[in-house]
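One chain, chain A, appears in both complexes that follow, with chain B as partner in the first and chain C in the second.
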Partner chain A sequence: MGYFLLRRLAISLLVAITVSVIGFSLLRLSGNLAESLAGEDASPAQIAETAKAYGLDRPFHIQYFDWVTKALQGDLGQSLFTKEPVIELITDRIGTTIQVACYSLLLSLIIALPLGVLAAMKQNTWIDRSALSIAVFGQAIPNFWFALILIWVFGVLLRWTPISGTDTWRHFILPTITLSTFAMPQFMRLTRTGMLDVLESDYIRTARAKGLSPAVVLWKHGLRNAILPVVSLAAVAFGFLLGGSFIVESIFALNGIGYLALESIQRQDFPVVQSIVVFISVVYIGLTLLSDLINAQLDPRIRLH
Partner chain B sequence: MEGNTPKNTSDHVLDVRNLNVRIKVPAGTLHAVTDVDFHVDRGETLCIVGESGCGKSITSLAVMGLLPRSATMTADKLTLEGRDLLSVTDRQFADLRGDRIGMIFQDPMTSLNPVYTIGNQMEEVYIRHGKGGRKEARERAIYLLEKVGITAAASRLGQYPHQLSGGLRQRVMIAMTLMCDPALVIADEPTTALDVTIQAQILNLLKELQDEFHMGLIFITHDLGVVARIADRVAVMYAGLVVETGNAEQVFSAPMHPYTQGLLECIPIPGKTVRGSQLGSIPGIVPALIGEQEGCLFRNRCSYAREACTDGEIDLETGGDQHGYRCVLTPEETVNHIKKAPNAAVAE
Partner chain C sequence: MAPNDTAKATATWNGASADDFEVDAPSPGAVMRRRARRHLGLIIGGTVVLIAVICALFAPLIAPFDPYDQELTRKLINPIWGKGGTWTHPFGTDALGRDLLSRVIYGTQISLTIGVLAATLAGVIGSTLGMIGGYFGGRVDAVIMYLINCKLALPPLLVALSVVSVFGGSIPVLILVMAALFWDRYAVVTRAATQQIRSNDFVTAAEAVGCSKTRIILREVLPNILNQIIVIASLEMALAILVEAVLSFFGLGVQPPTPSWGLLVNEGRQYMFFKPYLITIPGLAIFFLVLSINMMGDGIRDITAPEGRN
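For the complex of A and B:
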């Protein structure tokens, strides 16, 4: 286990370094930063001055190490637009995003796991087919469109839920449903497929031959084996919910990090964009590591690799 | 745990009469097991022999109550220690499984759950059947692991299946099956997936344990060499039917059914079979068992086949000596055939 952990940590660190280099380079490759910072009508002299002020005239690797050293100390620079420290902008906004992501992940798993298990148990019955239909529906409809429908039905027609903002838990209902509808089908299908495989396996037959109750056979001997890929997917999905939910955040006016990223891109606020990209990536890496550790805990064979 | 309540010794541990299993498949109804009779006593080993698809595994699953949902089972009698298994509920049947009747499967590499320790899997069956708490279960597990010849038994309990070799895993499976001291153990080809040297060890182990725990043993195999080593009685199955049954000695020394004869031709006998000579083989393939079957199902592969083989049902002829076979030939005819052409019976 010690060796396994060390290996995973080392790999994660390497990925984090790679991502930070790519994240840092992308913005610098996307155009002359000094030019855009200085404004449209700036003279070459002004541009040179701006470049100097922001340290953009230095060699690339010096800029990178300077940025990394500061970032590790919690200094991600200042927003060009609001002049606030980027780290504060992110910490202010990340709470909302994490909240929505957690709710959505939780709701999808709560629905997907039992539904997936049930569909596998009742393979090719109407239960199985309905579960699959729900999955296809969830995966096929576009996020933003479904969000609008929800707003129209529950917010406008029925007036059950608020449609924008983050003041109370009720504000999170519609965004959570929207995001879960997208995430749930993948979990459901993976659980179902995994469970179908597992139910055919010899050790399930052994468990039944031992007279164990159907519940123990299913939940103890079945699910733990079937759930491994679901854990990995959950990590990826959670990362996606963090970084990819900006459409949903804009629709429901959730002041999250996705929305911040969108704003900052439009304002060409490059320290913020760059920090968010790297921040989300690091969270992603952390989640992948976490899912690997959970899986290693669930299946001892994984600890060997 | 030791010191079982004395059972009626005249009663069979398992008594099966007229067992039929039908399985619904896309092409129709598969007659997987037809009119199968057998019984096992305490301390006795019954070998069910036959090639793949002959219904031997389905028979054992039927006895365990573990048939797939697409299968339906009927029988005139199915009793375990005098208890009628045909009338028990699913829950009552589950109470007996793992407790009074246990099963050892073919592939030890996949029969244990990879994500739980050996100890966990052994103890759970003991606790499930209310034999005692975790502590007693642990003690029983250590005791049995030592019984099946596993060293450092206590430390093995914390190990996972993938940390053990195939032979060790099968020993663990055997120990696990004995946790609740069952009256009957069904072993479905328990040595097929193992190395030859390990096979012999496992066979000896099963025999020893059977003597010690005085249980009935149904041993399912396609390997007549194995049968010769451990069987008290033999039931040869072909196409879902028992085609010959009797004491091991009767079946081996005087096989009456052409199929049994054919099977025996296929194995070399040390000292008898000439080195380099051709071993027998049974031509043809097992018929598809979809739909109602008529006559002798072996007739297409049988060199004695005649008109009488094609119609009706051929009963299991039993003399007074428990040796029965399903064939239209009279014993005299069969014996004559064998005398005339001892090796030509089934070759080519």
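For the complex of A and C:
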């Protein structure tokens, strides 16, 4: 376990460094940041001054190391647009984003797990086929469009839910549903496949042969093993939900980091964009590391690879 | 595939005529065609995709109007099922009086171009990396796994938005960005498949007669994993079409007045409560095309490798 842990940690660290370099260079690719910062009709002297003020005249790697050193101390620079410290912008909004991501994850699992188990038990019946169809439909729906349709139907025609803001739990209903259509189909398919594999295995046959009740066989012996890959996927999906949350956040006017990222991209506010991209990447790396370690703990065979 | 549906194995044995020993073993091609004819998802999905391809290729002939032609006197006409709808504009017109049906038909060109090219380019990148990693193993494989991990850690949509905001939302930029972001699934699958193929006797034989590594990968490995690559290509094509729609919806993808479906939803958004057809029609177009491509991909997987289901 020691070797596995060290190796896994080293890879994660290496990936995190690479990703931070990519995140750092994203908006710098254009090369004329100082120009756009100085304004439309700035003279060359003014542009040079702006470049100096923001430290953009220094070589790329120096800028990067400077940024990383400060970032590790909790200083992510300040927004070019609002002049607020980036760290505050993020900490103010991260709660909303995590809230929506957690609700969506929860809703996806609540629907996907029973549906996946049921589909596996009744393989090749109409139940199985409808479950698979729901998954196929869910994956084909454009999220941003589904959000608009939900607003139109439930917010405007039926007036059941509020359509923007974060004041009450009811404001989170439509965003949660929208974001769930992304993760739910994957969980459903994985639960179903996992369950099908498990149900064919020898220990399930043994459990049945011992005369255990079908419910005990299913829930205690079956699901516990089938759910392992779903746990890893949940970690991965959470990272994706954070990265994709800008769609629902901007449509439902939720003040989270996704909305912040979208706005910052639109106005080329690179300290904010790079911080959010790297932040989401690091969260993702941390979550996959955690789920790998949990899986390795539960299934010793993994450690040998 | 053979023109006849049954491969006839004939032999002469003990003086019996060849016809007595005719074996009716269907060729792999025939088996696939038989499965394809019974696969409802493949037929429906394939038909819709075919219609979309025809719309894209012959848009100027099929579309009743010029998709860019503005005529303010006939703006916001309801579609045929709405109040005051006419057959002249079956899907109605938008806020600038442009014919929505024509714009949706021309939109297939953008979605399909981006989908096909992005999926193909991503496939070349991902499959090359995957086959190299799977075939060579060891350090080479470790480097490729590291690249895959880096790619997976980046939030794809935010990175796409950032890059497109810098380089502008032209179609070539969108294709390159998506190819750079969606190669990982190809790499993961081809790597695993190559690892399995590598231990086969025909690969060992090719190595023994001294074939070059490039030749082994291209001539021995690639043909055996091509089916799997095609299945992923369909998934990635559907994904690229969805992502293009997202980017264009947020104003960072294809720029107006180009009739990208995502852009049509964006343009219709401010009228959606009075003229919902402006968003429902282009949205459904995206949905049905993506759904059909996925159904087609699932169908191809089922008929080429039914054991690889789920």
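Methods note: the second predicted complex is superposed on the first by the 296 of 305 C-alpha atoms of A that agree within 3 Å, B and C clash if a C-alpha of one lies under 4 Å from a C-alpha of the other, contacts with A are read in each partner's own complex, and residues count from 1 in each chain.
The rule is simple: contacts are C-beta pairs under 8 Å (C-beta built on N, C-alpha and C of every residue); 3 or more make two chains touch, one makes a residue touch a chain.
Being a predicted model, the structure only gives us computed values, none of them experimental.
A.B. asks: Which partner reaches more residues of chain A, chain B or chain C?
C.D. replies: On the superposition, C touches more of the residues of chain A.
A.B. asks: Touching A:Ile141, do we find chain B (first), chain C (second), both, or neither?
C.D. replies: second
A.B. asks: Where does A:Arg58 make contact in the superposed view: on chain B (first), on chain C (second), on both, or on neither?
C.D. replies: In the superposition, A:Arg58 touches no partner, neither chain B nor chain C.
A.B. asks: Is A:Asp202 in contact with chain B, with chain C, with both, or with neither (first, second, both, neither)?
C.D. replies: Once the two structures are laid over each other on A, A:Asp202 reaches chain B alone.
A.B. asks: Just checking: does A:Arg170 make contact with chain B only, chain C only, both, or neither of them? Give me first, second, both or neither.
C.D. replies: After superposition on chain A, A:Arg170 lies in contact with neither partner.
A.B. asks: Which partner does A:Ile247 reach: the first (chain B), the second (chain C), both, or neither?
C.D. replies: After superposition on chain A, A:Ile247 lies in contact with chain C alone.
A.B. asks: For A:Lys70, is the partner it touches chain B (first), chain C (second), both, or none of the two (neither)?
C.D. replies: Touch status of A:Lys70: no partner.
A.B. asks: Can you pull the chain A residues that chain B and chain C both touch?
C.D. replies: No residue of chain A touches both chain B and chain C.
A.B. asks: Please output the residues of chain B touching chain A within their complex, sorted ascending.
C.D. replies: Touch list, chain B to chain A: 64, 66, 94-99, 102-103, 105, 107, 110-116, 124-125, 128-129, 160, 162, 173, 176.
A.B. asks: Taking the complex as given, what residues does chain C use to touch chain A?
C.D. replies: 146, 149-150, 152-159, 161-163, 165-167, 238, 242, 245-246, 249-252, 262, 265, 269, 272-273, 276, 279-280, 283, 286-288, 290-291, 294-295, 298, 310
A.B. asks: What part of chain A is in contact with chain B in the complex they form?
C.D. replies: For this pair, the touching residues of chain A are 201-203, 205-213, 216, 220-221, 224-225, 298-301, 304.
A.B. asks: Spell out the residues on chain A that touch chain C in their complex, using ranges where they run on.
C.D. replies: Its residues touching chain C are 11, 14-16, 18-19, 22-23, 26-27, 29-30, 136-137, 139-145, 148-149, 152, 156, 189, 192-193, 196, 236, 239-240, 242-244, 246-247, 250, 261-262, 265-266, 268, 273, 276-277, 280-281, 284-285, 288.
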